[in-house]
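Every chain is named by a letter (A, B, C and D) in the order it is written, and numbering of its residues begins at 1.
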Amino acid sequence: MSSKRHSILPAVSAGPKPPVHFSSSITIADSALLTGTNLITISSESVIHPRAKLDSLAGRITIGRRCVVHERTMIGAIGTSGKVTETAVTLGDYVTVEVAASIEAGNTIIGEGTTVGVGSKIGAGAVIGKHCTLTPHTEIPAGEVIPDFTVMYSNGMRRVDKRGVADLKNKGQARQIDVLRRMIPSNPAKFT
Amino acid sequence: MSRRPPRGEYIETDTGNKVARKATLVGTQNIMLGGKTVIQPEVMIRGDLIRSIQSSSSSSSGGTPNNTAVAIGRYCFLSRASCLRPPGRLYKGAFTYMPLRMGDHVFVGPSSVIQAASIGNHVHIGANVVVGEFAIIKDYVRVLDETIVPPNMVIPSFSIVAGQPARVIGEVPEGGHEAFELRELYKTVGNNPQPALS
Amino acid sequence: MSGLGSGAVAAGSTPLPHRSVANIRSPHTSSNVNPSTPASSSRPLPSSSFGSPSSLRADEDILILELGTRKLQIGFAGDACPRGTVWFTPSQLRRVGDFRDWSSESKTNVDWKTKKVTGERWWSRDHELWEYDVREADLGLIGDKVERALREALTRYMLIDSRPRRMVCVLPSGLPLPMLSAVLDSLFSRLQPPTVSLLSLPVALTVGAGVRSSLIVDLGWRETVITSVCEFREVNTSRSVRGGRLLVEQTHKLLAKHLPENQKKKADNTSDNAEDYDLSFEECNDIATRMVWCKPHLSSPAAPKSGKGLPTLHEQDESDVAAAGSSTEALKTVRIPLRSCRSPTTIELPWEALAEPSENTFFDSQYTESSFDDHELPLPLLVYRSLLHLPLDVRALCMSRIIFTGGCASVLGLRGRIFGEVSKLIEERGWDGVQGKGADQMRANPKLRGKKGSRQASSGPKGVTSPSEAVENREQDGVWHDAANTTHDVCPVEEQLKRGQDTRPRVQGRMRAIESVGAWSGASLIAHLKAAPVSTIEREAWLQYGAAGASKPSEVDQKSARQSLGPGGLIRGSAASNSWTLGVWGMN
Amino acid sequence: MAPLNPYTYIQCPCSDSASLGRPSDATSPTSAEADDEDNTFDPRAPRANFSLYPLEYLLYCEDCHQIRCPRCIAEEIATYFCPSCLFEVPSSNLKSEGNRCTRSCFQCPICIGPLSVTSIETPPSDPNLLAPDRAATQHSTYSLICSYCNWSSTEIGIQFDKPNSIHAQLAKIRNGGASRLTAKERKERRKELSHRGGEAAVAAAAAAAAASETSGGQDMDLETQFANLKLFYNSQLADPNAGDNGFSSLGDLGFSSPSSLSRIMNLYTGGKLHDPRAKSKLGAMREAITADEGLLEPDLDESSLISQLHRSDFLDTASSTQVCSQPPNLGEPHLHGAARFNSSLRPAPYLLRTKRSKRCPVCRHIISKPEAKVQTTRFRIRLVAGSYIPSISIRRLNLPGSNGPGAPAILGDLLEPLKPVHFLLTFKNPIFESLKVTLGAPAKTPGRFPSKVTVLCPQFDIDANTDVWDEALKDNDRESSGRSRRRAGTESQFQVEVGKIWERGRNWVSIVVEVVPASLKLEQGQDLLKEDEDVLEIPMFVRIEWEVENGGDDATTGSGRDKDQKEKRELAYWCVLGLGRIKQG
């Protein structure tokens, strides 16, 4: 049984406590892990699930408004090129990073309204357009540029999302956040 | 798969559940274990994501049965680093989570993420599998490694599924039913495990 | 006669020594068209017995099965189209319970290379049921493949239990006898059908088009087969290796050429070695079916001799030319993602380049006509010649009943291109005697064609041309000579008969393409109409005698044929039917 | 390449007895090798893959005392059901409705994921979002949406008025939204056509003919053409003055000798025999001439399609796998180059599935019978081979010296070439009689890279199985086995003795097989390693014998009719043991 890919979880290293800039309206679980040396910005109403890991060692991490970062995600993992950049990872607004997804550092940009599927891996410096959908276990090689409204599915197949439900989706995200705020006890104080 | 762990790694409950100390169980009061279930290290179960529709307020006022987020039957085996979380969706314009129900003798492979609505009895889920939200898996189903079961998919009994997205690629043969039994496997882990019968 | 001889060998069910595609059919053809064959005279007789409607009952559902080189189609008689299609793929060669094709490892890009098996065409071989080369073939394996595909079709699509059912089997008429018997073996010994009836592909297609005569242009996978059918009889067949497989290989060549890794290193690259591939068959096959197109032929074909068929064609040419023109000025490039090469990439090709594969596969117009071997004639030429070799009344019927079929028929523009170029050839070289005096026109023909050939292909000196012409046509010459004579004699009678019966004149003498519902559906029609299943083989008889139970056409005398369905006459009956069957398939 | 865990495959005896035993294919080398049981069975012969099965795929006929594999059983269908909605479908529907679900279960034409009905809010600002449940109450339009690849039926211009019975609605809509006749309506229309008598048809034909020349013929779909042809032929055959010659003429279909020639012959021979028939034959059948007789002239002008292809991106074209998973789309114009673009793909209704019971083809006894209800998983009868023949499990044995002292032998790690390895084969006896097992394995494995194989104990007995109630016994048993296994790990080579059983339990016996893996070095000119050629597979012929009391226990019901006291039983078959991969280079 090959349990190689997607299965490695970030080691819970008690790294340096990073400088953070939180909006007052965010929800961040007590057991979320923030490490690194550079600034981590989380904008209004975003939700960070338990055991999500944000690592700013390789540069600044910026998370937009109304994002949902699920458990066991690894944002800002030091990429294959272990070089430090100005900004490590930037998530636009309404971005969802699902369970166990990992986003490498190095000017990696996730566009607004994009969903990063369960266990997906985004290489360093990749630029994902707006309102894209990366289905589970999608792998984006480093530096790849994905245009807006792209759907990545079935091991790297691509298509264009023509539903035009972007803002419906955003509204859905808002609803979900309403619920999550009630369920996840937030403890921003721990990180500031 | 079932490596012999060092002693004391597990908490063994009186109903025979073996829960690794290194496992993360959030909202335990909403997680129901049927007994004789093994939860290996690094497993994560999100019991805190309960349905928010009927009891609109008060998130973690546990105890009441309809607050159950994750229900697991007997002789289930959650391998290392697997993750169980209730599926959520918009219902009548509001978002809610729905309980995740799991029958007996369900094996969940390492690093698999389960967001199904229900999983039947005698189900084998391989490694690195993703079971999408509100999927329904019936009895005697084998999900091969690295399969992506898309949301809302229904998998009938005696199916072998694989692929991204999952499709039925075969039927479980008559002689294959016993292979789903997890009693033996249950015995092989814990604080004083018994060796597997050859 | 030689045809019958080989037929005898074949009936002995020992695998035939392989013959080059070029001469597979010729003996058969001759024995067909040569009127002095007693066999052919005695053949119609079994029909009287099979004509009886009782030979098939409609209430029980009959399975129609069409076997191709790459796929198997199956369904119920009377349905418009098959219920299920099963393609032959490498994963069918795996053991039961071996699901490794589904593990994502096997999707890693270069994995298909590890599947490399040695020998001929390893690249595409596992996607094919058979190669007609009997020496190589593992006939048992063919049987196994057919059985497995069939079982899959039955459980997945047909949803029927394994109660014995009658089967009608549509087969290419070029199928070598050992393969036929291998197929029948696995059918009979594994699925226990009481009877299996055989139909030849061209005939089924003809019926499926609603005509009695036709020119079948089967743009198949292994090869392109052109069969002229007259009054439901196959009269003449010619083939060319220019088929789907070649198309896919050409596509691979095109793509490989544009691969970055190959663009860099040209010198040390050994891609000229045919056995070396940079991309997986699946991917090339996919791209070939998706993106490859065919340029229209530029010069517009002859209007005068062809009636209604051509106006559409005229428009087509203009518009196509226009399209081509616009495309060239647009200079559009197509981005094609490739995932089976060493490092997944996306290549950019000029839109025009995507027409090259079909160009090289089916036309090769840059070469002179004489430079082609007999088995690799460009398709238009092939069609033209097979028309030319027909007795003239038959030709008149066939040329206005051209049926395009086979996988490559869906290559955009290909049908139109072939049709157009054939019309052009006819216009240039023509056969003046469509209204008769065919014989002498034919006799004059090699010279004529020689001249035309050299005129058209400036590079080909006449001296070289005509001998090769003569060589490659000698045999057929023999054929069409007497054929022409005889039909010459018959022609008036036929016309008279027709005039007597048919209220409306038959369309003939002009180029016309017609659409067939397809071989499978044609067979389904035939079976549904309770028409004779042509040849029916009883299970017991086959298991007892195999192909050996078949008797050569000449052996079938009227009596055995007549009482073949009567009690006791079973084996001889089956023999009688086989005599027809293996008549077609046993000849080659 | 991933290392693999040991496995066992069994060759069903049916494959050599009932093998396609024609002289014709016995001549082909490979098949002969695979079939002939005298020389050793080569698991790598291409045909072997068709006759080898894992134990759990095999059944057992208690009356024939024989193994039955999927190839040698007769199936009967107990239930038809839709794998998505799990509704049972009466078998009567199959003939009429076809083999797919006619409710609302569809697969995505792009990724074959399941499609779900979703309401489309006309104003996106509508507070309630993509909520299927809510949608039912308020009026809006619906679309099929794939929750995996986000495909939506709106992409092919298809929307629905009701959230239920999508199948019926879809049948009425063309891609792009244009309405179309359902199969039934089409049938009706054809009926009318046929009602016009022969003369009328002739008259109408002319008009239709003209029509077909222009456009009429083009948008004739396959189904219609087929139906027209059917009509046409029927009318031709019904033609009174044709008589039964109609049949005989059709009867000549496919005659290899051209009828023209037979007629020619008749003319030569004065045609006493055939001439009249030839005449009436011509009378009996004429060709289809018009579109409503099924004659269709294709439009060879595909320039429009070409330019569409030219305009469109590679991703807009349908992949061959997508096209293959499309159901035949009968309502559409002729199927040449059908579904070339994604825009012409349609949602595919789920294929139905079946529950099947299985019979022994020889004695007709049922050997497997599931409960008919879709939702139940119980079986009335289930005679699986696993409860009649011993199971073989394989474990790598690590002995000091063989592969590094104390080195833990993890299943599946690569085998060192030319280094002797020991494997522990454990035979478990499922029946309630003691078994006599005889093993035969070739000294060298067949194939290009022969590995040496020595079965240290090729003959042994296994005690009978006892009832399961005896937990205690079972536990002790495991203790002992556990101990012995540990001992095996530490103690030295002489543990392995020729002719000695390694270990014995209540109803199981372990023996040792010594293997010297071949080296996979390729000589010059040798072509590359084929797939799996590095897997060390040993063919092994297993013969088991046992005796049963007549009228014996449940393991041997049906043997009761035998007169003598003890009945000797024997079963022999080839099996293939996959031990692991050999390290390359």
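In this section, a residue touches a chain if its C-beta (ideal position, glycine included) is under 8 Å from a C-beta of that chain, and two chains touch if they have at least 3 such contacts.
Going by UniProt, the chains are A = Dynactin subunit 6; B = Dynactin subunit 5; C = Actin-related protein 10; D = Dynactin subunit 4.
The structure displayed is predicted, hence computed values, not measured ones.
With centres computed from Cα atoms alone, the innermost chain of the structure is D. Here C-D and A-B are compared, and the pair linked by more C-beta contacts is C-D.
Note on chain placement: the centre of subunit C (Actin-related protein 10) and the centre of subunit D (Dynactin subunit 4) lie 27 Å apart, centres being C-alpha means. Between the CA-based centres of subunit A (Dynactin subunit 6) and subunit B (Dynactin subunit 5) the separation comes to 25 Å, rounded to the whole angstrom. Averaging C-alpha coordinates per chain places the centre of subunit B (Dynactin subunit 5) 54 Å away from that of subunit C (Actin-related protein 10). Subunit D (Dynactin subunit 4) has residues 2, 54, 56-57, 111, 129-130, 148-149 in contact with two or more other chains. Touching of two or more other chains is recorded for residues 97, 103-105, 337 of subunit C (Actin-related protein 10). Within subunit A (Dynactin subunit 6), residues 2, 135, 137, 153-155, 158, 172, 175 each touch two or more of the remaining chains.
Chain contacts here are complete: no pair of chains fails to touch. Interface of subunit A (Dynactin subunit 6) with subunit D (Dynactin subunit 4) (complex): residues 2, 133, 135, 151, 153-154, 157-165, 167-168, 171-172, 175.
Those residues of subunit C (Actin-related protein 10) lying in contact with subunit B (Dynactin subunit 5) across their complex are 97, 99, 102-104. Subunit B (Dynactin subunit 5) contributes residues 1, 24, 26, 42, 44, 46, 48-50, 52, 57, 59-60, 81, 83, 85, 88, 90, 93-97, 109-111, 113, 126-128, 130, 132, 145-146, 148, 164-165 to its touches with subunit A (Dynactin subunit 6) in the complex. Put simply, subunit D (Dynactin subunit 4) touches subunit A (Dynactin subunit 6) in their complex at residues 2, 110-111, 121, 124-125, 129-130, 145, 148-152, 154-155, 315. For subunit D (Dynactin subunit 4) in complex with subunit B (Dynactin subunit 5), the residues that touch the partner chain are 54-59, 81, 83-86, 111-114, 116, 127-131, 133-134, 146-149, 353, 358, 368, 374-375, 377, 379, 382, 384-386, 393, 395, 424, 426, 478, 481-482, 485, 508, 510.
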